[in-house]
Amino acid sequence: MSDPILSLNDVHAHIERHHILQGVTLSVMPGRATVLVGRNGAGKSTTLRAVMGLTPATSGSIELEGQAITSMKPYEIARLGIGMAPEDRAVLYTLTVAENFRLAMSDEDGQGDRRLAQVLDLFPDLRKFMSSKAGILSGGQKQMLAIALVLVRKNRIALIDEPSKGLAPVVVDHLADSLNRIKETTTVVLVEQNFYLASRVGQDYFILDDGRVVHQGRMEDLAEDHELKQKYLGIA
Amino acid sequence: MAAQAGEQALRLSESELDLKKWVLWALSVGIWFVPLVWIDPITYLTLTIAGVTMGMLLFLTASGLTLIFGLMDVLNLAHGAFFAWGAYAGFSLLNWLNAKGWVELAGVGQSVGSLAMVLGVTLVVGALLGVILERIIIRRTYGNHLKQILITMGASLVMIEIIKILWGPNDEVILVPAAFRDSWDLFDVIVNKFRVVAILVGSLVFAAIQISLQKTRLGITVRAGVENRELVQILGYNIRRIFTGVFAAGAALAAMGGVMFAIFKEQIYPGMGEENLIFALIVVIIGGMGSVTGSFLGAIMVGLAFNYVAFLVPKLALGVNIMIMAVILLLRPKGLMGRE
Amino acid sequence: MAPDLTPVQQERLRAIHSRYTQPTFVTQLALLAVLLLIPVTFSSFRVIDVTSKIMIFTIVVASYDVILGYTGLLSLGHSMFFGIGAYSLALVIYHASSPSWYHLLIAAAIALGLSVTLALVIAFFSLRVKAIFFAMMTLALAEFTDILAVQWYDLTRAEDGVSFKMPGIFDVGWSGPTIGPLELNGRVMTYYFILIVSVILFGVMLRFVRSPVGRALKAVRDNESRATALGYKTFHYKIFSIVFGSSVAALAGVMFAMWVGYVSPGSVLSTPIMLNILLMVIIGGLGTLYGAIVGAAFIKITETWLPDMQKVAEALLPKSDLVHRLAERWILYFGVLFILVVFFFPKGFVGTARDMIKRRKAKAGR
């Protein structure tokens, strides 16, 4: 049983006066895909944002491989190897795809070009649009680009927030394939409302409700547990 | 298959939009030839050059303001103070250079050299002031527009008062490098030499800004930050430091605008920043917050409009720009090329 | 037999009755008494002058507070309305062959007419554009009016300004009977006139912000989308607030002109006036009408007696030119003060005081 790569301990977070996270405790194992599921407003996105430092935790601790990152700034956390594809606006519309990559790429280890080639292998569609503004891409392509921007950096963890939102089922399938291909080298933490995607990609799950973790376990078990799914996710 | 059809549809509607855009642009350009109905071609040319010059000078100040607002979402009412400081710094430098014979009796080489030195020094002075202001004051007001407006007004007041302490409160005459005085006479059109210099400098600055924004990594970062501050941080950039840099650049541009304007008018006075700030604000509103090209075009528009109307109906000259601003705000609140 | 009052009605009655015994009411009466007695106690013109100006500016600042503090709209053109009021009075009296008291009414009517029209235009824009643009637009408009006044010699006599004499009992030269220790003359009559009008206007503003309309304004300021969702036609309220505040400022301008007898762009329209208003409202406290009194008093008193302090400084250090220059630049210190207040006391004097009182009450477990 290896050590968790990312752990949250009794994390609280507020947005203005609202107490969104009310004591989130969870651990993410390296090389496995972890999914956060739950109803709207449960605090799933806020949890990711707290890890990234965008919505700073007001109490509790967040650790990356044992190192406390709780009060770090987002760019410092990014430089430690945590990448994020936020819920909306995860790409830069007014920049070309190539400029998006240029902005995102990190090359301190000299592997930048290799990563770019790998990412374009994963999402070949993006090759065609390199000199077009990212704003004209379709929804699915934008999402691919968003994930590509996370992968083109030297990231150990990829936080991906609701990638399937607004996408057609066939695109979601493609997304699931792509995520499955990367999850061994980059630990994926996925927030998803779409249970199909969550169950195809996720290996460990945490159910959030009212700003707390109310259930956790292995995805195979959750897929079978209709009662739990009904209660917290509203699906049969 | 469906995805491809969708993409095609997207691209089609894009070209429809392009058509509308081209029509609008053609109109906005064409409208500047309307004054020819009332003005004879020679005067028209003189006025046009005057207008473009004024536009260039305005652009210098407005470009910094629009970047600061576009990237940092900060309304900087101290911009006029940077303008004035640039002018006064240049004033002192020119006096000092004059003592060395570089200004009033200068040849072309020395004139160009002094101007270059003056521009360089004002850039540095502006940048320094910008960094100081940003770190001490602006930093604490992010996200609160009311505080920003109040604080920058206060800061502006303080900075102008310090000018009055250091240089005295009266109007002063500023020296113009000899080679740039007087005018040329081209086919009956009198072209003031410094106007040409101003247009050159303005165009160079515009080109420099555009190249930096489009080609350099920093420029891409700034453009990205204008669109989506959060994502840029997620990608590992220290947006705070970039903010300070952009603010300093904006201040430097304003300072440059100030000294150029001062040499153009051959006069400086502590209140010059205030008046210019209003025009700069109008230009930024017309051009769109965050768009350098927008402020370039807007500045030229304002300059031309002011000069044509000043010739035809002098009392309306100021009002016409406010009217343009009002019209733009009504029809296209984000400005000609603004986003958001 | 009258039906029993509901608990809400009972509470409201209780609140109305208690109003007359609360400490704030007593303070108000005391203040009124002081103002009434100033001309009696002080024969120095300066004191009466400062007090008049404080009263006038209290009204200007309070009207600005209605727009900014209570409705949340940042307009940088308030000085414009003040100037319009001042010029209306000045020009009417100046051009009248034999000025009489009804010219006062005409001037007030013109002032109101102009300011309501202009306020409607501004209000319309406030609805269309975002806050920052509105601020910038009003700033541009105010500057434009200033420049217009400076350039339109035929109408405004430009920078020379308009000098005039008030008619009848307000004429500076008028002399009347002596009642006890008080000698009635033009100045004194004007002072009491201003006092009465100021009290009335201030009372109207108080009633306005405490009325249901006023409360709706606060709802708009705090959370406009929620107010709209609750069914308030927010744009009606915003327009009302701007027109109301601007008109009151114009009336204050009329009084100012009455008192000073001279208007010029520099004295009633320029940017420093707007800055003064901002400074006063911030020092006093946004969203607290009474703050206007504190802010106006502080600034006006400092402005009047600062030159004296300057002379003291000069007398102490007669040789130092730098000290002279430093002492002269009291605007610099105002600027610094302004910045400090915005940072450390954003609620202003009255606002912070009210907070402290609230906290003390909470601690006492009321």
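For this structure, a couple of remarks:
By letter and in written order, the chains are A, B and C; residue numbering begins at 1 in each of them.
Note that in this section a contact is a pair of C-beta atoms (placed from the backbone, for glycine too) under 8 Å apart; a residue touches a chain by one contact, two chains touch by 3 or more.
Predicted model, so just to flag it, every value in this text is computed and none were measured.
Nearest to the common centre of all protein CA atoms is the CA centroid of chain B. More C-beta pairs touch across one of B-C and A-B than the other; that pair is B-C.
Look at the CA centroids: the one farthest from the centroid of chain A belongs to C. Centroid to centroid, with C-alpha atoms defining each point, chain A and chain C lie 55 Å apart. In terms of their C-alpha centroids, the spacing between chain B and chain C amounts to 36 Å. With centres set at the average Cα position, the gap from chain A to chain B is 42 Å. Residue positions of chain A in touch with at least two other chains are not found. Interface residues of chain B facing chain C in the complex, by the touch rule stated above, are 69, 75, 137, 140, 145-147, 149-151, 153-155, 157-158, 161-162, 164-165, 274-275, 278, 281-282, 285, 315, 318-319, 322, 325-326, 329-330, 333. Touching chain B in their complex are the following residues of chain C: 74, 76, 125, 128-133, 135-137, 139-141, 143-144, 147-148, 151-152, 271, 275, 278, 282, 325-326, 329, 331-332, 334-336, 338-339, 342-343, 346. Those residues of chain A that touch chain B in the complex are listed here as 52, 54, 73-75, 78-79, 83-84, 86, 89-95, 99, 102-104, 106, 136, 138, 140, 149, 153, 168, 171.
On the chain B side of its complex with chain A, the touching residues are 2-3, 6-7, 10-11, 14, 217, 220-221, 223-224, 227-228, 230-239, 339.
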